[in-house]
Amino acid sequence: MDGLAQALSGALRRIASGDASLGAIVLLSLEVSLAAVACATLAGLPLGAAIAVGRFPGRRTVVVLLNALMGLPPVVVGLFVYLMLSRAGPLGGLGFLFTPPAMVIAQAILVLPIIAALCRQAVEDAWIEYEEQLRSLGAGRLGAALTLVWDIRFSLLTAILAGLGRASAEVGAVMIVGGNIDGVTRVMTTTIALETSKGDLPLALSLGMVLIALVLALNALAQIVKDAAQRRYG
Amino acid sequence: MLRAFAALLLCANAHAQQTYITVASTTSTEQSGLFKHLLPIFEKKTAIQVRVVALGTGQALDMGRRGDADVVFVHARPLEEKFLAEGFGVRRYDVMYNDFVLIGPKNDPAKISGGKDVVEAFRRIKAAQTPFVSRGDRSGTHFAELEIWRAAGIDIKKEKGPWYRDTGQGMGPALNTAAGMDAYLLADRGTWLSFKNRASLAILVEGDSRLFNQYGIMLVSPMKHPSVKKESGQAFLDWLISPAGQKAIADYRIDGQQLFFPNAK
Amino acid sequence: MAANARILPLAVRDLCFAAGERTILDRVSVRLEAGPCTILLGANGAGKSVLMRLMHGLLVPTSGEIAWSDADAERCRRLQAMVFQRPVLLRRSALANVTYALKLARVPRAEREQLALEALEGVGLTHLAHRPARVLSGGEQQRLALARAWALHPEVLFLDEPTASLDPTATREIERVIRAFDAAGTKILMATHNLAQARRLGDEVLFLHQGRLLERGRIDEFLARPATPEAAAFMKGDLPWT
């Protein structure tokens, strides 16, 4: 109990003093996770929508697989991307390993199944309501699906936030492909891991509190946007 | 989708604009804070950014073998010699040394405190079956620990019991684990001095010559991996073994205590 | 509107539809001509909705044939429109819902807004053109669905109980629009429970019972003297002024 209280008070002092390197770490964390979620959204929404409205052999297997991939262990994704981007690997020539682009790639892979699977569920539910009318108007299956995605976009925000939560919380993938290099690939989660391992618990805790506060703020913002839009568009 | 990928590439190029090298080093050098002290000095002098990826010695050398690092900076001589023999390194230089210390709980159930013989201490720990935390991660420290068990005539792989906790972690996390379970462990002095979560742990055995810990540095061979940045990598190497670099190493202190002792020839 | 019949008459031959074990339509044969407003009458589960969806191409028959007079399937589809019991509208403005339908019909971009505004004017929704469609009242939404259909100038308009969820005022407004479609020459095929509405709007009636087409005839004759006991029973269970 003592240790926790000490860590907490030390943490608050740290945050109040406003460290400059802390600012850089927070900024990088946001850049990497937001970029990863953006890529995963661009790919995941059409993918989820296509599976939702598609009728093809093995569809049910694909749905189960997609849902299962939501639970991909971050450290496994990190390992896979590492092997791909290593100089000894197929994409080594890109020189992405131990740079932020590698971290974005790894997190995008991690987050893609979450966004795609949740989108698939949302579109499949909405399809029940919209299908007949859209087909009556002559929309092709895929075109109708994409129209639906745009129509239910505010519900899909929840899926995107789930992806953002996963990306900003994980440490396994970015640690392996980023290398936690000081000033280059060090993000909040890897810093928390490092400071914990150095025994500097107050700093680790203060970073943890900042990370949670950040994710809370992003979610609150998204909710405000969603409410405003719902009032406007019905 | 392609547009996002292209954006990523541009982003990567922006990073590549400043010259940088990738150094695979150990958790003991990183977590002791040595690099935070050394690297700004080198960067100011040469404008070469040094990016350190801290892993165990074994992993760091593997990174060199894969060509993902330009320089390797580790502390397990036999493993380094093997790396050289395989042709992955150009040439090995001594850089600095420090020592390992045997850490344990202050109440010392195995009764080894104050001793000068680390091999005897290990025997007593095994006899008393008190908790012992091992790095278990093919690091230099892990390697040194295994050598001491060998010297004590103990085949630790066969003779270990529940008292032997193989964590597979870096130095810091292993220290945390030992602090949490009042265990003994072998640590390098540098990480110990900068470690802040000591709980009831203290140095119990030190000064044994078998606890000598030598650090070596090698440029990864450009013949094996043409992508190695050999000029910048060599510049870093040269600086570390130069009088200026050696002095910078000696200047690094925590609470007035020097952590690493330069000994380049 | 559709001055020249291109896809009518529609010939339906021995149409069957089964869902799993249940037979929903049992060898229905009918020929639909341009002109009369045709009402589909029948109890719940008689197969009215399924029959319309089969004709419109939303369902695939288990057996039997649906033959429009035009061999070009794409043109057949584009000259039909359907309005459902609950209007399905996108989260956009009323105007945008109509222009979306025009986009799907490959109407050139420059013409879409004008055509959409004309359609909205026809149903009396011009003042709500830029309101989000989903905040409109039930009656307004259904009128919007009809405006959307109007803009497409269909030759055939299917209506599946379009006023079942509306109050009497809104119902009257919808019926006014349906009459406008009829006057412009669109073939109307409408399913309804409401006998009074059937008399108000319809010219002929098709009576379905348990998946079979039992009766066909002029609306006033059917309502006064149903030929089959099933039809008589159906009408006895229904108050004529609902």
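A, B and C label the chains in the order they appear, each numbered from 1.
Here is the rule we use: contacts are C-beta pairs under 8 Å (C-beta built on N, C-alpha and C of every residue); 3 or more make two chains touch, one makes a residue touch a chain.
Since this is a predicted model, take the numbers as computed values, not measurements.
Summarising the inter-chain layout, the chain whose CA centre lies farthest from the centre of subunit A is C.
Relative to the whole-protein C-alpha centroid, the nearest chain centroid is that of A.
More C-beta pairs touch across the A-B interface than across any other pair of chains.
Note: centroid distance subunit A to subunit C, computed from Cα atoms, is 46 Å. Inter-chain centre distance (subunit B to subunit C, centres taken as mean C-alpha positions): 79 Å.
Between the Cα centres of subunit A and subunit B there is a gap of 33 Å. Looking at the complex, you find that subunit A touches subunit C at residues 129-130, 132-139, 147, 151-152, 232-234.
Residues 53, 56, 58, 77-78, 80-82, 84, 88, 90-92, 100-101, 104-105, 132-135, 148 of subunit C are the ones touching subunit A in the complex.
The part of subunit B that touches subunit A in the complex is made up of residues 1, 4, 8-9, 11-12, 15-16, 20, 22, 27, 31, 35-36, 39, 49, 51-54, 65-68, 169-173, 175-176, 179, 194-198, 225, 227.
Contact residues on subunit A toward subunit B in their complex (touch as defined above): 35, 38-39, 42-43, 86-89, 92, 94-101, 104-105, 179-182, 184, 194, 196-201.
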